[in-house]
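The following pair of complexes shares a single chain, subunit A, combined with subunit B in the former and subunit C in the latter.
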Partner chain A sequence: MKTATLNKSDIGKCIDLLVQADLRVIAPRLQPQLDEDGPDSIDVLTFTEVKSGDDHQVGEGLLPLNGVKEFLFAKHEPLFAYEKRGKKIEIIPVHHEYPQTVIIGVRPCDAASIASLESVFSDANAGFEDPFFTERRSRTTFITYSCTAPDSSCFCTSVNLSPDSAKGSDLHLTEIGDGRLHVEVITKAGEAVAKQLQDLLEGEGDRGAREKAGAEVTEKLTRIRDSAPIMDWLMDTANFDDEMWQRLGEKCIGCGACTFVCPTCHCFDIVDENKGSKGYRVKFWDSCQFDHFTLHASGHNPRDWQYKRYRNRFNCKFKIYPEKFETPGCVGCGRCIRACPVNLDITEYMAEVAHKAANPNAMKADPDFE
Partner chain B sequence: MIEQIRNQARLLLENGDVDVVIGYAEGSDPTRTTPVFIRKAEDVDKLIYDPRCINSLPLYLNKRHEYTRKGWKKTAIIGKGCDIRAIVQLIAENQLKRDEIYILGVPCEGVVSHPEKWDGSLHDGNRASKCTDCDVMTPHETDFFPGDKPDIDRSNPYEATSKNVATLMELELDKRFAFWRTDFDRCFKCYACREVCPHCSCNVCITDETTPSWIDPAAHKKGIFSWHLTRAMHLVGRCTGCGECTRACPMGIQVDLFNQRMKEVVQESYSYKPGYSLEDKHPLITYKVDDREDFIK
Partner chain C sequence: MIYHVSPTGVSLKDETNNKGITSVSNIYQPDLMTITKVIQEAPGIKTFHLQFQDENVAKNFSFQTGQFGEYSAFGAGESTFCIASSPTRPDHIECCFRETGKNTAALANLTEGDTIGFRGPYGNTFPLDDWKGKNLIFIGGGIALPPLRSVIWNCLDLREQDGRFEHISVIYGAKTVQDLVYKRELEEWDQMDNVTMVKTVDPGGETEDWDGHVGFVPHVLENEVKPDPENTIAIVCGPPIMIKFTFEALERLGFKQDQMVTTMENRMKCGIGKCGRCNIGSVYVCIDGPVFTATELAALPNDF
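For the complex of A and B:
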């Protein structure tokens, strides 16, 4: 594997070079606020297209509020247009732009999530390919950046990742002190980008310093859970009606914040946006937390109560996903914990399951919930 | 203070006067608290109250949460003044009966605007702006209140709005529109703004209607704008200003600026602020023969 070093202060120049090469560059960027220092204002860091190297927060802050998901799996997109002429309906293809893109400043958890999306949208074994996703994926290169300051919601080490992991990365950067970055070329796409940045890259990297930096940051994680027993516990169908689901989940209010900020959640809906005799068939993000997600036409709803919807989300991450694919269902980014308006915390479920798995004879049902 | 609340909650549960006490408990992180439903007297020590208790708990009294409320005949709820305004408003809108609810009022010194701004104390840098001009820090409608309730004049119909409302209103129309275009670009329609709102009480929200589909469900500009503007209009004269929609937004969009602006309009036109009287109907669902009508041009 090729390595090099880069001055952290040259990241802006890297962005400029990539923009000059006619690439769409996406980077973490602080969004302007009406009242920057106002008591109600918070830092709004998001992945956004940047046009110049003066305007980015690569390596600063922790995680952008949005993940990189929306650049591969669009929030909404038309599948095709249609028009009714007499008794015939004509299907009209819609032109999509898939610009060559570099996303820089991606944290390791987000990078690991790309493979999880691929499992769903372009898994050869599943025999299905989402052309919109695969087109975007094939034109997107990820420059990742090891974490330096995880917060109290981060839990990547609990799901077999680490704050300096290069999984899913094309070109990986790690701070090694003195304003220097250790650069690792991981894939061919990464090599192509490295070539464009070659004037800024110097000599060999410092693997020792990189490993040391990674280990130091890993030490800073405080939210540590044992995810090993979760899948087996969920596989036991008796636990599907465990008292825990309602006890922990009854405060859930049924918004989709956790699923929309989640880098691996991928459910979508399709509707016809009709105008007179023509319109578009549109695909857009949906959430299993919405009450009408499983509502049948008959009026019956198998997930009639909010806690059952959250049970589905947890099962999706830790049972359905690993059962079907080899990629992680949860990458431990902690976004769902930060975003939840009522502090419903996925790691509390993880801890509870680990506890129950270790104490199989503990009370199964709480009479108060029957 | 919290000891008195806990004792009262314990008494209510022991005597079977209520089935559940809705309150706040420590969250999973030192900066956060979480809503909690206490059903057993021995659990009342979980209840806490401090400036981190941001959530507007009356949302759980809303009919939307009928499943959660299944089997609760009488509910006790811990309320700071602004939450109690929401309860009063729900009662005034016939969404709730006063005798179904036992209100444990708490004295409030203001709450933090976002959990991530909590640094151990409440100060000008992190106190939610809604708390600046609050006249219900000693709440108005309670069944239990620790200590004496001082007499407070709450007759002034004008509440301050956030500085940001004025900043926006000073902008020219196209710049104001540009602001919302940029901010709404982040919206992905998770509906956290709707779900935290104590006043969104429709069985089926207009945005979830499919026959016909009034509002495009996709998160494109049209779908986003029509959702947020409809939401703002549906809350005119009803919004009690808890600010939860903005606090809950995972993308940091200040959606409550619409509601605050509409609050100003209602105050200017009708000298009315919602959530103070159990009987008053809000101005847009009633009429008076002697209405000024000077807004009809």
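For the complex of A and C:
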């Protein structure tokens, strides 16, 4: 693997070089949210397009609010347009602007989530390829940046990742002290970007310093759970009716915030947005936490209680993704914990499951409880 | 002409460029079909006969019994229905639906000659090869007859060709006499040799001249029809509660779980394993189903 070093202060110059090379560059940036000039305005770290190297927060703060999911799997996108002409319908294709893109400053957890989304949207999933996702994916290069200061919600080490993991990365940067970055070229796409930046890259990297820096940051993580027994415990369908689901899930208010900030949540809805005789068929983010998500036309709802909907989310992360798609369902970014308005905590479930797996006779569900 | 979508808005242009993604023939884009015939089966329930508008699509289209499609009324959305006709009659496909929501209401407003969208066929199929030389008993309730009707005609046609199935029975019930669908075909099956046709309506749903049974399907099955489980496959379709009680009745009659087959009707949007709503545990009904044996269902978590 090719390595090099880069001055941290040169990241702005890197962005300028990439912009000059006619690439769209997306980077973490403090972006005013809500009412931009008004009294409620608040700056939030957000992945957004940057036009110059003066204006970015790569390597600062922790996780941008939005993650990289929305760039590959659009929040809202027309699939095609249609127009009614008497008894006939004409289908008109749509063209989505998506130039060759580099996303810089992606944290390892977000980078690891890309393979998970790809396993859902690529043709590896039952032979159906979502071209909107796969074409965006093929036009996007990820420059990742090892974490330096995990917060109390981070738990990547509990799901077999680490704050310096290069999984899903094309070009990986790690701070090694003295304002220097260790640069690793991971993929061909990463090599192409490295070529654009070659005037700023120097000699060889320092693998020893990079490993040391990674280990030091890993030490800082405080939220550590054992996810190893979870999959086996979930595979036992009797545990699907465990008392834990209702006890812990009762406070969930079904707002869906966790699913919208989650880098691996992939559920969507398809509707027609119609105006007169024309319109678009649109695909947009949906959430398994909403009560109508699985509601049948007959009125029957397989997930008729909120705790069942949360149970589905937990199963999706720790059983469905690994079992069906063979990719991780949870990357430990902690966004769902930070976003939840009622402090519902996925790691609380993880700890509870680990406890139940270790003590199989602890507390059983009451069979008469309905 | 093509619509260009960018962060600044949408514009109609003549051509595409290489700085983006063009949606030509993506997996979410339906083929267009013409409604060639509309039949009012029962109050609020219609059958459509459908033909592809593009000759190439029509030529290359094939499906197997049990598969489903996504049917769209443009401007309203898409709904999931099984293909209700038999692959042995490939001239057109049929769907049968009850008007319950926005899209089914929009579909119901369409008339002969109108255009709808169709994506499919999706999902797995009834394992007809495993049923050779066996008796078949089809058990359906209400609007669940259409999926069964595809496989009933498929089995009847194949039996006519080479006698590959033994006795065929159909037990069908609805709330009231008027709610029965395919009324002509129920008579037709009744007249056929080596076919037993049992009709029932829920108590209170009968009319004065009703010549069928009165009672819920599982009850009529267990107490009046009493099929012999020997060398027999039972194919059940209905609302979840009816499937549950019918499986229980069949087990009391001596049917083993691998002799009982059903087709699940979970809510779907994409139909191709992406949108994430039809799953029962790790099983996606759209990809791994909709046809399941009772053995397969018993292994799934209680989430349907």
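As a convention for this text, the second predicted complex is superposed on the first by the 352 of 370 C-alpha atoms of A that agree within 3 Å, B and C clash if a C-alpha of one lies under 4 Å from a C-alpha of the other, contacts with A are read in each partner's own complex, and residues count from 1 in each chain.
FYI, a residue touches a chain if its C-beta (ideal position, glycine included) is under 8 Å from a C-beta of that chain, and two chains touch if they have at least 3 such contacts.
Small disclaimer: the values here were computed from a predicted structure and weren't measured.
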Practice task
For A:Ala115, decide between first (touching subunit B), second (touching subunit C), both and neither.
Solution key: neither
Exercise for the section: Kindly classify A:Pro93 by the partners it touches after superposition: subunit B alone (first), subunit C alone (second), both, or neither? Expected result: second
Practice task
May I ask you to decide whether A:Leu200 touches subunit B, subunit C, both, or neither, giving the answer as first, second, both or neither?
Solution key: neither
Handout entry: Touched partner set for A:Thr237, first subunit B, second subunit C, both or neither
Key = second
Exercise for the section: Mind working out whether A:Asp269 is in touch with subunit B, subunit C, both or neither, as first, second, both or neither? Expected result: both
Practice task
Give one of first, second, both or neither to describe whether A:Phe284 is in contact with subunit B, with subunit C, with both, or with none.
Solution key: first
Exercise for the section: Could you look at A:Asn66 and tell me whether it touches subunit B, subunit C, both or neither (first, second, both, neither)? Expected result: first
Practice task
State whether A:Leu30 touches subunit B only (first), subunit C only (second), both chains, or neither.
Solution key: neither
Completion exercise
Interface residues of subunit A shared by subunit B and subunit C, listed 269, 271
Problem - Parts of subunit A lying in touch with subunit C, wherever the complex brings them together - result: 77-82, 84, 87-89, 91-100, 120-121, 125-126, 128-132, 135-136, 237, 240-241, 266-272, 274, 279-281, 283, 286, 288, 293-298, 300, 302-303, 308, 312, 315-316, 319-320, 323-324
Practice task
Mind listing the subunit B positions that touch subunit A in their complex?
Solution key: 27-37, 39-40, 55, 59-60, 64-65, 67-68, 113-114, 116-117, 124-129, 162-164, 167-168, 179, 182-183, 186, 188-192, 194-196, 208, 210, 213, 216-220, 223, 243-244, 246-248, 250-252, 254
Handout entry: Touching residues on subunit C, where the partner in the complex is subunit A
Key = 1-7, 10, 13, 16-17, 19-24, 26-30, 32, 72, 74-79, 98, 100-101, 104, 113-115, 117, 239-241, 265-267, 269-270, 272-282, 284, 287, 299-304
Exercise for the section: Within their complex, state which residues of subunit A touch subunit B. Expected result: 31-32, 34-35, 37-40, 42-44, 46, 65-66, 70, 75-76, 152-153, 250-251, 253-257, 259-261, 269, 271, 273, 282, 284-285, 287, 290, 292, 304-306, 335, 337-339, 341-345, 347-348, 368
